[in-house]
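Common to both upcoming complexes is subunit A, partnered first by subunit B, then by subunit C.
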Partner chain A sequence: MNALLVICGLGFVSLLAEIANFKKLLTVLVILALAAAVVLVVLDWNTSQSLYHDMVVFDNFALGFTGLLCLVTLGWYWMTRDFFENHPHQSDRLALVVFALAGGIIMVSFNNMAMLFLGIEILSISLYVLAGSNKASLLSNEAAFKYFLMGSFATGFLLMGIALVYGATGSFDITKISAHVASHADSLPRFFHAGVLLIFVGMTFKISAVPFHFWAPDVYEGSPTPVTAFMSTVVKTAALAAFFRMFASCFASVEASYHIVLQVIIVLTLVVANVTAVYQGSVKRILAYSSVAHVGYILLAIMSSGSAASGVLFYYMASYSVASIAAFAVLQAVELSSGSTGVDAFNGLYHRNPFLAVVMTIAILSLAGIPPLAGFFGKYLVFAQALQHGYLPFVILGVLTSLIGIYYYFKVLIAMYRAEKEGPRPDKYSTVLLVLLVAAILALGIFPDHVIGLLRL
Partner chain B sequence: MILFLLSWPLLASLLLFAFKPKQAWVVAFVASLIELVASLVLVFQFDKSAAVEYAINVPWIASLGVNFAIGFDGISLLLVLLTTVLVPFIILSSTKHSYSSAFYGLVLMMQMALIGVFTAMDGFLFYLFWEIALIPIYFICLIWGGEDRGRITLKFFIYTLAGSLLMLVALIYLYFQTPGSHSFEIQALYEAGRALPLAEQGFIFWGLFIAFAIKMPVFPFHTWQPDTYSVAPSQGTMLLSGIMLKMGLYGVIRWLVPVVPAGVHEWGMTAVVLSVIGIIYGSCIAIVQKDFKRLIAYSSIAHVGLISAGIFTLNKIGVQGALIQMLSHGILVFGLFYGIDIIETRVKTRTLSALGGIRHVAPVFSAVFTVVMLGTLALPFTSGFVGEFLLINSIFQYNAILGAVGGLTIILGAVYMLRSFQQAMLGETNSTTESFVDLSGREKLVLFPIVVIIIVMGIYPDPLLSISESAVTNLLSIVQEFSASAK
Partner chain C sequence: MIPIDYYLWLSATLFTIGVLGVLYRRNAIIVFMCIELMLNAVNLVMVAFSNYMNDAAGQVFVFFIMAVAAAEVAVGLAILIMMYRITRTTDINILNRLKW
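Here is the complex of A and B:
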């Protein structure tokens, strides 16, 4: 909870920065506040607090994800400082990002569907603006508009679902709902199941699972690269944690009413996202589709082991976020030097800047799930969970789509090691950050036990 | 000592960055020599018992039941020895190409992973090293390879990864059969696998066999191999064929036969037949190749088919023959690919019809190449003879018809090897070959020891055979016991 207060305070302070004229201090403030939030999470560890009449519950799950969100945002901010500094809208942009983070923290800690809705809206509205923050670019405007239209539509579904569930159970509180569902399993009205499905649709839109993913590639491509990086790491983590809280704990007892839908969505997500990614010519779009594809693997873990999957979810999101930030950092450096995010822009990067090429290689290998990197253990845990619960066909499908994944990830990799030596040399990046990220990818891969064990019940 | 063998190459590959690129090969060479000496010490200390000698066995990822268990027995030791012997030669053979330090770093990392594969005593650890071995060789081929390398190396990567993911699924399945809180420990997996009913053992067999068969490669899983061998840089090809394909064969011995003995008993015949088809198929295609390197690539399919068939006969001379032939093939195929590398760097072509008469201008090279070639033909008193004799003998005992068909490898091998030798070395010199320079000092330094090894192994193979003997006997007695009890 303390972390949430700090983040919200930071948001207001950064709004004031413009008026009170201390913009120069903002960077320091952001870094201090995010670090403080992480420290507070550590201090609060193992103290399960429920606040405001159980509106939010900061159990270890919420604390763990809050810490992860803050850490990833810290790394992300480090990577994208140019996006803020020396820009006329510095304080506005920063405030939006910080409020989005606050929304994300509410989403991982909600215990009441009203808070879920609030969290999603705080997060989304900030993002709608951020997606369009490159005002001069047509693509950025398109992204913002598309995201806004589709997002509000999905919010409508979510609200309608919440209303129906409230009508059937008489409560917004998810612990009360699940108790009610458990005690009245036979006498639930039909519209309760309709409500669950509507919430399901609203949430799958937010995590961009197929077939509710159509917005993702366009929005990811059109938004400025820093915003895309934020969306595919921080936002995705928050949305998946919210999905997990909603469906793996609250609605776990009525899993039958959406089980088949979930299965279909997993199969579609794995197949469609991976196959479509093969045909993309832009690294940004490849990363967008890959982020959709990763959702498929996580959903598989959630489906097969329910609430026991929290450790797996946490590990997977941590490893995915770290590798993604590294990949986006390299992409951003390449984009700044060549003005393009196409695969061609990476041609011969190894000869122009071996350091960046090696970092990108490690990030891609981790995303593709090659041992001994972090991404491999994420996939391994998912497959092991699924096998343990008898979902062998899904594991085989997952293995096949991972192989397709290799194909498109390696398109970037092969481009980097082409013999072409001419071209712009990217130089705008932070070596320290990239070294830290690579170290994190390796450390998560070599000592996975500590992170998986954090959220073990 | 084995931990030193495992960590030293990794350390050395990191050390490389401290030196200037021009010194890289010297540093890597010295590092690999130190590794060789360490492995020889290990060989001389080895007491030839059947039991696995553990160097370390501690929990690594406790929640997943993964142990960092490294150990070895005679079988592991032979393959470790092959790795540590070949890598210095490979590094020494690379000096003409002026590779960057990244290249030598990758070669040493590859060595680390290979030694890990041969000494891992935990299923998960084995899988990890198995995959890690793929990464350096992929980049060696991708960065320093020939034309169209992007496409071909990607095919190689996806092909082998598909196999290893199958293996991973099989290993996880076995893992969940282990009692209690589950473990990937080798003995636990052995017991879990042996307790499975026959049908399930069959599934595990195929999951593991396909992974190993792709790596070797056994027909019909070989289609990545000729392209990859031809496009890879010479040193990459040497690593691939000299050591890496032995990973598949070792996998069969350590991680297939003792895990599902009844499954192997049930499906062994199929595996032998596939291997024998590979012998004939590889040899026949080798006969019509125009490119010298592709010819050796196809001949490699034939040779590895024979070794794999020998292992699946599950008799002692077969497995022992397979082990000795693995070593011999590693040495021989290194010699052959190095010979081709020498030809290619001098006359810029590998096409057989463009060559000819090298014997007249480079007698020393020609003589050395003759010895290597005769070894490949399994002439008595060369290393190839011991292995092939034992292998064909074992297949013949297993099934006379298959033995007769497999034995054709000697005749077919003579056809393609002698034909290529005749085209490249004999005849009149032409405009491409007339300025062919004979071996330089450094090349002699590589090839003369190889010739010595080939001949010594052929005349006196006993020390090598005795290293693995008790481990093999032990292995086969387990197989007999459990395949009998499953019936």
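Here is the complex of A and C:
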């Protein structure tokens, strides 16, 4: 809870920075506040607080994800300082990012549908603006507009679902709803199941699972690269944690009403996202499709082991976010020097800047799931859990689509190690950050137990 | 008292009109209005249930939805104006530069 207050406070402070004229201090303030939030999470660990008449509950699950979101935002901010510093709208952009983070924290800690709705909206509305923050570019505008249309369309479905569930159970509180559902399992009206399905559709829009993913690659490509990095790490983590809280705990007892839909969505997500990614010519779009594909693996974990999947979910999101931030940091450096995000821009990167090429290699191998990197253990845990619960066909499909994944990830790798030596040399990046990220990828891969164990029930 | 089913069918109809409008209309302003129609259909269900069950929570939620929808539309219109400055049209078919 304290972390959320600190983050909200930081949002207001950065809004005031423009008026009170202390913009120069903002970078320090952001880093201090995010670090303070992480420290507060650590201090609050193992104290399950429920606040404001159970509107939000900060149990270990919420605290863990709050800490992860703050840490990832910290790394992200480090990587994208150019996006803020010396920009005329520095403080506004920063405030939007910080409020989006606050929305994300509400989404991982909600215990009431009202808070879920508010969290999603605080996050989304900030992001609509951020996606269009490159005002002169039509692509950025188009991304913002598409994101806005799809986001508010999905919110409509989500709200209708919430309204119907409220009508059937008489409460917005998810613990009361799950108690009511468990005690009245036979007498639930039909529109309750319609409501659950509508919430399901609204949430799958937000986590961008196929077939509700079509906005994601476009929005990811059109938005400025720093915003894309934020969307595919922080936002994705928050949305998946909210999905988990909703469906693995609250609606776990009525799984029958959406089980088949979930299975179809998993199969589609794994196949469509991985196959489409093969045909992409832009690294940004490849990363966008890979983020959609990762949703498929996480959904497989959620489907197979329900609420016991929290540790795996946490580990998977942590390893995925760290690798993504590293990949996006390299992509941003390449984009700044060559002005393009195409695979061609990476041709011969190894000869022009070996350090960046090696970082990108490690990040991409982790995303592809090659041992001993973090991504491998994420996928391994997902498959192990699915096997334990008898989802063998899904595991076979998952392994096959991972192989397709390796194919398109290697397109980037092969381009980097081509013999072309001419071309711009990327130089705008932070060596320390990249070294830290690579160390985190290796550490997560070598000591996975410590992270998974954090959320073990 | 009017049975709750009537409210449900009415708002289901409104919601469907909204969804179809978003899917079929090509003018961005009309698409906005259709999204608002979806949200208002939700408001109607909430208020109907709230009254039916004598529980104020549903009506409070409606206030949240109204406030958030207003904020959302403000941002949406701002984005639309930004688009209009570049493309001079509100037709959403123009949004085809980003494609797979």
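Remarks
Following the convention adopted for this analysis, the second predicted complex is superposed on the first by the 457 of 457 C-alpha atoms of A that agree within 3 Å, B and C clash if a C-alpha of one lies under 4 Å from a C-alpha of the other, contacts with A are read in each partner's own complex, and residues count from 1 in each chain.
We take it that a contact is a pair of C-beta atoms (placed from the backbone, for glycine too) under 8 Å apart; a residue touches a chain by one contact, two chains touch by 3 or more.
Computed from a predicted structure; not experimentally measured.
Taken together through their common subunit A, the two structures put subunit B and subunit C side by side without a clash. Contact with subunit C, but none with subunit B, is seen for A:P217 once the two complexes are overlaid on the shared chain.
By the document's definition of touching, of the two partners only subunit C reaches A:F191; subunit B does not.
Judged by the touch definition given at the top, the superposed model places A:F355 against neither subunit B nor subunit C. Set against each other, subunit B and subunit C differ in how many residues of subunit A they touch, and the higher count belongs to C. Legend: residue contacts after superposition of the two complexes on their common chain; A:F22 is shown touching neither subunit B nor subunit C.
Rounded to the nearest 10, the angle at the Cα centre of subunit A between the centres of subunit B and subunit C is 140 degrees. Once the two complexes are overlaid on the shared chain, A:F153 sits against subunit C while remaining clear of subunit B. Closest contact between subunit B and subunit C, by C-alpha atoms in the overlaid model: 24 Å. Note: no residue of subunit A belongs to the subunit B contact set and to the subunit C contact set alike, using the contact criterion stated above.
Contact residues on subunit A toward subunit B in their complex (touch as defined above): 350, 354, 365, 370-372, 376, 380-381, 383-384, 387-388, 395-396, 399, 402-403, 406-407, 410, 413-414, 417-418, 448-449, 452-453, 456. Listing the residues of subunit A that touch subunit C in their complex gives 113-114, 117-118, 121, 125, 128-129, 132, 135, 138-139, 141-146, 148-149, 152-153, 155-156, 159-160, 162-164, 166-167, 170-172, 191, 217-219, 221-222, 276, 279-280, 285. Here subunit C touches subunit A in the complex through residues 4, 8, 15, 18-19, 22, 28, 31, 35, 38-39, 41-42, 45-46, 48-49, 52-53, 55, 57-58, 60-61, 64-65, 68, 71-72, 75-76, 78-80, 82-83, 86-87, 92, 95, 97-100, going by the rule given at the top.
Chain contact summary for the complex, subunit B toward subunit A: residues 60-64, 102, 127-128, 131-132, 135, 139, 142-143, 150, 153-154, 157-158, 161-162, 165-166, 168-169, 172-173, 175-176.
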